[in-house]
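Right, one structure below, let's go through it.
We just call them A, B, C, D and E in the order they show up, numbering each chain from 1.
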Amino acid sequence: MSDFEPKIVVYACNWCTYAATDLAGTSRMSYPENVRIIRVMCSGRVDPQFVLQAFADGADGVIVAGCHPPADCHYLEGNYKAYRRFELFRKLLESFGIEKERFRLEWISAAEASRWVQVVNEMVAELKKLGPLKKNLEVKE
Amino acid sequence: MTEKPKVAWYWCASCGGCEESFVDLAERLLKVFEAVDIVFCPVAMDFKREDVEKLPDGSITVALINGGIRLKEHEEMVKLLRKKSKIVIAYGACSAWGGIPGLANLYNLDEVIERKYLEVPTVENPKEVMPTKKTIVNIPEAGIKAEIELTEPLPVLLPLDKVIDVDYYIPGCPPTPDVFWNALQALLSGNLPPKGSVIGASQKSVCDECPLNETKPEKILVKEFKRPDKAMAKPNECLLAQGFLCMGPVTRGGCKSLCPQANMPCTGCFGMLDGIVDFGGKAISYFGSILDYSPLEEREIKDAYEKVPDWVGVVYRYSLAASKLGHKARLKKVERIKEVTEI
Amino acid sequence: MTEPRIGVYVCHCGFNIAGTVDVKKVAEYAKTLPNVVVARDYVFMCSEPGQDLIKQDIKEHNLNRVVVASCSPSLHEVTFRTAVAEAGLNKYLMEMANIREHCSWVHHDKEKATEKAKEIVRMAVAKARYLDPLEELEVKAEQSALVLGGGVAGLRAALELANYGLQVYLVEKSPTIGGKAALIGYVDPKTKGAEIVSKMFELIKECPRIHIFTNSELIQLSGFAGNYTAKIRVNPRYVTEKCTLCGECEEVCPIEISNEYNFGLNKRKAIFLPFNNAYPPYYAIDHRVCVKCGECEKVCRFGAINLKQEPKIVELKVGALVIATGYDPYRPFKGEYGYGLHESIITLFQLARMLDPESPTKGELIIGGKIPKSIAFIQCVGSRNTTPGAKEYCSRMCCTTAINNAIKIKEKYPDTNVYIIYKDIMTYGSDESLYEEAGKKLVQFVKFEDKIPRVLITPEGLFIEVFEYTIQENIRIPVDAIVLSIGMLPPRDIEELIAVTRVSCGGEGFVREAHLKLAPVEAPTKGIFLAGCITGPKNILESIRMGSAAAAKAMSLLSKGKITIEPMIAQVNEEKCSGCAICVGVCPYSAISIKNVNGDRVAYVEKALCMGCGTCNAACPSGAMQHLGFKDVQLLAQTRAVFGGEVNV
Amino acid sequence: MSSVLIVGGGVAGIQAALDLAEQGIEVYLVDKAPSVGGKMAYLDKTFPTLDCASCILAPKMAALLRYPNIKLIMNSEVLEVSGRAGNFRVKILKKPTYVDWSKCNGCGVCTEKCPTKVPNEYNMGLSQRRAIYIMFPQAVPKRAIIDAEHCIRLNPPPKAKEKAKGPLCGVCERNCPTKAIRYDQQPEIIDLNVAAIIIATGMELYDPKNLPELGYGKHQNVYTNLEFERLVSATGPTNGEIVRKSDGKHPRKIAWIQCVGSRDVRFNHYCSAYCCMAATKQAILAKEHLPNVECTVYYMDIRAFGKGFNEFLERAKKEFGVRYIRGKVRIDEIPESKNLKIVYEDTAESYLKTEEYDMVVLSMAVTPNSKLSIPLELAEGGFIKLKNPYLDPVSTTIEGIFVVGAVAGAKDIPDSVTEASAAAARAALIAKRLACPTPEVVK
Amino acid sequence: MAGGSEFISINPSLNREVFKLGGKSLLECYQCGSCTAVCPLAEELNVSFRRAIRYTQLGVEEKILGDISPWSCNLHGDCTDSCPRGASPSEILAAIRRYQANKYDWTGLARWWNNSSLTAKILTYLAFFAISLLFYFGIYWQKILQFASTGKLVILSELLIPVVAVFVVALVILAPSGYRAYRFMIKDKKKEVGFFKSLKLIANFFIKLETESMGVPHKRDRILEHVLILVGLGLFILLAIIYLVFPKFFEFEIISKALIYIASLSLLIGVGSPLTKRLMASEKTHWYYKKFRHPTDWMSLITLFPVALMALLVFVFYDLSMILYAYIAFALLLIFLIPFLLLEFAFGKHTHWLYKIIAYYVGARTGYFRGD
């Protein structure tokens, strides 16, 4: 398991989290290579279907990240729509027997590059402990 | 007159409702019989597997298959039919997305078998008799000695298109006679959409056909989710706007909104529209969107969700097996089916 | 759609990227991706030669998509979009892969970083394959504005806009403009509200481009920024401009009601002049109470009265709307601090009015028929959760106003004991000097905290019982008069305002601004601006400044004569849309509505209102609503490309 | 069409520039710092919404670059203004940055290589930067600047200079990928003709050393609120970890002292308007960072006057358990632990109490940056005087010169932003020659 | 909030009264408590000066009368230096003391005396002088000449008796006032500390406080001035009593002379120093020595100054053998001393020694002193 490198798909809102990931870069912080960031304008744009697709394709973890509630959202309350959708989404994951650590909804502001790095580090560590998701999902023919 | 098109009709894990829908064509049935030859239909006619095997490849014009693929036998049969048919149609929700039996995919096969043979309240099985792969029956008094081999179950129920190529889908649980009729018309006229399409139904959602759509308020925002077993819907008012978990918006139309018109929320048996990749994922996205709690009311949001005990059952009632994750859930080695029992 | 032909450009950014990522390998890898026609690397892609490289390739290789793998799009997206546009390609057919901030700067292992960079490029290429050319839309902007509310904020906004050259329609509910500032006496120790307002009237009169509708209200608003259509109902005034203010009509009028222009200090007739300097300077008949007896019509020598006037509906085309409908004073319930139970318990507005030389008492402090020897102000009436009817917010202006008037009283009646019973004194900023001065003028301050003061009405007179916080004792103060420093409420008709303009309300009941901090004068809806107390309590200076600020925003919006609409917004596929209306409720900008197309309900996006957040796309159950630039298929392609998969939707 | 000069690139200046530029008016934005952003760029979060300051400010800063008609003149100050409304002649001194900003692309290689470390002003001296530096990561324009005073090349230590044969160091020049370093850059005088001027020079913190009884500078664990803001900020010297200067430990008890230098006839008569809410915000942030920390605010009157402020205050009290004590204090240091003893009279309980804290934050008064080379009349407290705020909002005593933000009176961000837009409206009228400069003239 | 009985009725005119008694900045105070926080006494003494000021502002008469904090104040003036409102808490406390003293006084004369205008005060003094002059330089003049001719300074008992008598009268007047003060102060308080321990507490407190204060010039001066006046007055009274009961003592001429000189000089310097400082007061002068202080503060010094001066002159003249002048000086001494004792000592500012002692005693007994 030690050489298992989980893959994490991140949906980052343009105004806060994407800016934080940029800031982590400009501040030359360092974190594992496991994340792949997809930019959306608002966490409220992220459709649970995407997350399901990512898991189905082999993501070991997914992060949806946006601005801090209640008022950071550039679009008034997109982050809350994300919150409401993904709270419900967690229930599906639970029913599917997928560990809750594999999905995170995070609020990371544009200044919180360190928080971003922390989230990535935490999640990579957790996923390494859990092992790959794909193994559990393969259909034995 | 040229030879009539040959039609095969096979059922897999199915309740028979789909065949019922065929009968529901009523007088239009006669026209069907006029137009086609039925070469295989285990539910109604006595054809054997060998009869199909004997047919030349591609000689069946249309094979209609209903029910999900639960058993090895289903798998073999549909593969055979695929070989013999020009067009294979997944008929009904079970065949297209797994349907109600597909919900068993939430559990591993052991759990399913235990539930079925031991736990269900209507079952009385004190000796815990369970199915086995091979049963040796030996009753010397009657002079019977035989080996019965049961077909093996698959670890999960699969929709048809996970096993063979499917040309078209006819949705519904069961498809309404009109949908079936429309599909038949299309098939017979040869005026067919690209492969993989849904035929016979609408390109828009149930809401489009629903008379209650007009009654919607300007903004649909609800404070709680209701279910028809716990709350009575007000008639002539959009069910979703009342807070009922109506799947109308995400479900393909074509049924003429039968359920909502009877004051029952749509359960989604017509499946998703083109462009949607996961029925349940989309459904929770809009349910989450209409819940009207402002920032900082986390408790209320959680409570609203807690009130519905079985979200998967709601949003994946017919499509769990075809969902992005559902058909892969909880796979384990099957232990409850023993190799041999002797009676 | 033609087959995509993609060019991939990998930037070294000096050593910033090349130091950690093997850019050559990334470029080589990019060549292997489907639809990629050309892939190159260069030391500074953002430099002139770098951009030229892209432009040249677009022409040579007939590229129709460009992927630039360099830094964050927040830095150079505009640069590269401009570059591809210069080469004749639609600028939205460029996608950036962020391999600097997301890769080379945060990783150190060259091999892993290179692999990651390849994947990031693969994701960008996958998305690029599905990019659509988008066009910025332009709509004509009407060179006119509607200002709702004729208080100081509205007047200021109107003046500013009219001077800018816009046609301004000022719509005021009451028969005169001027708002409450005209009535509340002294706004600071030296300035009278009425003076400010009269000076503003002078300026308004000079300004030909301001059209004033008094007795009017906005009843319908449709359209979008730059192109609103507003319907105004003009209620009859029954008095024409022939009026000479002789006042004879007032004498014969049989109807008498409480005069709201003196905050109920006296009575007025159904035909009345709101205040001396009212503008327009004519009498008006209060249509709600007038019985049309015709006495005034008979007595008027100038034929200025016409009781047959009917309400009119006026339709206006305006480019922007400034909402400045102000506030209502808090309405104490009967018995709140004895309000309504004793003639000597009055509100701060009444007191302030009283001290105005033009008030019914001619500026004298006469409460309950006498000059009080001892007077107490109770602060936070209706604010800061003091009583069950009170709001949670602080009304911002009442402390300063109370202290200002207390000083006025002390100046005029040095022997009167003045108490200010307060929770926290909110004389913020330079107003602190008033608080200081009040101490010097021997105004007494009594602090309470959670236990609110109680007013006792006894045969011996009025008493205030209060738990004094700084000595922790219950004390009883004998007073002759009590002034309730009432706060501000959202205007009574805010519900109608919301229904008509579709602005939204915050929890405290005032209109919500686009951003509390950085967009305080803008409503979330483009083209609607807010000034004055409609967004929450303000003092008069702040309201005036807000008037100018709201005007500046409207000027910016309308100055070019047209409004450009960002193309990365929501778009409805009417073929798919079933009109389920879920998107309508989720849109934070009220940009979506349901309309009828050939008998079918379908969603309609008002492009000028859409800000492009995409939440409707996420909510749309049928996939009919797509966020251009971030369509489902684009994001799914990007997701699948992480794992090397292809999207097939 | 003529142009407008904005002095000061804080949030008010930025807002005014954007509003004017959107109308197509040419804008010169002058700031003495190498980046725009002003004081708001130092903040972690803003009250009462706890919005992240850079999330809301950075897009506005970046937007400045998108307008070709906004010219940023950084690291500069106004030397002289002459002329009258509609036609001011302005002389601006552009101090050398020693970096050719047209070449520099802010890659930051130089700042990594530079050998000289100096206290970082952006982090209030709580961390270090190099002698060549970019003011802060989100700086706009993002360009490097050499601090001539500390640069070995430009200001060599006398001893080293004697020994060396040629010029010293030169590391940044050698490493710059775009060859942008110019050690010989000279100050430059820029002459401008503008129609109107907006003063938005903002404020500075009052010097806490004027209040010796609070021990700032003497006691290590006494901070100003701006220092604390950097300390709690994710982009700050400790990446948002609240630790004490003396021993690097997390504090368990923090006190905020309000009205330091404000509302005090000995220092500044005025109320600084922002500090009550800022302290409340900082207490909440401290609670969020260190859930077990005890936060106490020593106040006189809690000025929760703005939209959402009182609600915010109630939240701080009820949800976060921030303690509010009414009373003024004296601070003594306990020498062994470097903890701080606060001596105060709880004005509710009416006797002297003492309490020990690990950290004390002083909510400093603000003083206006009103010492300008423009002869504007000042009002009480050193704020720039408004001529007639009721009829001619934001106008100074000189026609065509407007003043916004904290330099016209202590105020919070929304009020500054509102004023900035108001000034933009007034300046636009002059720049577009649409109206007589002042309404009085209309009559 | 329960029934009305718990509520204290306030006296709205109290603050005006205190205002007139010198508390000019009374209502400028906005109750920040910084006076208490910086007060060198407050840490030892569990009192709130701010609250006393607050009671006065509001007119909570029943609380203010028994408040010991104004009497605990030693007018160090640290509070005045650090008051954010530029008010002078020490000045206000002094005014409150005047108000309290007026109320403690049972005759009502204190109130009249403290409230009376400067003119009224001067007139009163002049009346006293007139009577005394008439007595000494009219009726008694011959006798003085007679004594003077003896060439020796024979202080007759009959000359001293009025002094002592007036002093006793003053004490008699003061005693009930003192008792009243004690009653007011002890009301609603519990005696928690033993008598002797409380004396020890007071002593400790004083030693500590005064030692600390000696480091600050203006505080040191103030303490020294007080000590000098106390020594001077005390010695005089003591010597007078000794003379009456044990005249032999004065046969030790050197000792008695030295004591007399010490007493006179102490008094002269003790009174002269603050007076000159006040007269020379400038902007930078410490609050304590500013000119704007209440007339009673001036009177207490001005009236004592001639007493001190005359006392010195008596013996200067005597040692210069100018006996007549010594007698005249002595007569003048008495002329000044009697009204001083009757007015200033019994009703005026000088009553503060009594009330202060009572206040400290009550404070110590009722646990207002924190520990040893």
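In the analysis below, contacts are C-beta pairs under 8 Å (C-beta built on N, C-alpha and C of every residue); 3 or more make two chains touch, one makes a residue touch a chain.
Predicted model, so just to flag it, every value in this text is computed and none were measured.
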item	value
Common touching chains of chain B and chain A	C
Which of C-E and A-C has more C-beta contact pairs	A-C
Taking each chain's C-alpha mean as its centre, the one farthest from chain B	E
Centre-to-centre distance between chain E and chain A (centres being mean Cα positions), rounded to whole Å	79
Whole-Å gap separating chain B and chain C, where each centre is the average of the chain's CA atoms	52
Where chain B and chain E are represented by their mean Cα positions, the distance between them in whole Å	105
Chain D-chain E separation of Cα centroids, rounded to whole Å	55
Residues of chain D engaged with two or more neighbouring chains	49, 51, 56, 263, 265, 326, 347, 350
Residue list for chain A, restricted to those that touch at least two other chains	19, 26, 47, 49, 53, 70-71, 74, 77, 81, 85
Touching two or more other chains - residue numbers and ranges from chain C	74, 425, 436, 470-471, 507, 516, 586, 615, 618-619, 632, 636
Those chain pairs that satisfy the touch definition	A-B, A-C, A-D, B-C, C-D, C-E, D-E
Contact footprint of chain C on chain D as seen in their complex	11, 15, 19, 22-24, 46, 48-49, 51, 56-57, 60, 62, 66, 105, 107, 109, 177-178, 262-263, 265, 269-273, 301-311, 314, 326, 347-350, 379-381, 383, 389-391, 393-394, 409-411, 413-415, 417-426, 428-429, 432, 434-435, 439, 442-443
Chain D residues within the chain A interface of the complex	44-45, 49-56, 58-59, 108, 137-138, 233-235, 239-240
List of chain C residues in touch with chain D within their complex	13-16, 44, 46, 74, 78, 152, 156, 159-160, 163-165, 187, 191, 196, 199-200, 202-203, 206, 383-385, 392-394, 396, 424-433, 436, 449, 469-472, 506-508, 510, 515-521, 535-537, 540-542, 544-553, 555-557, 559-560
Footprint of chain B on chain C - complex, ascending	507, 575-582, 584-586, 593-594, 600-601, 615, 618-623, 632-633, 636, 649
Interfacial residue positions of chain E with respect to chain C in the complex	1, 4, 6-10, 12, 15-16, 19, 27-31, 50-51, 54-55, 57-58, 60, 63, 85, 87
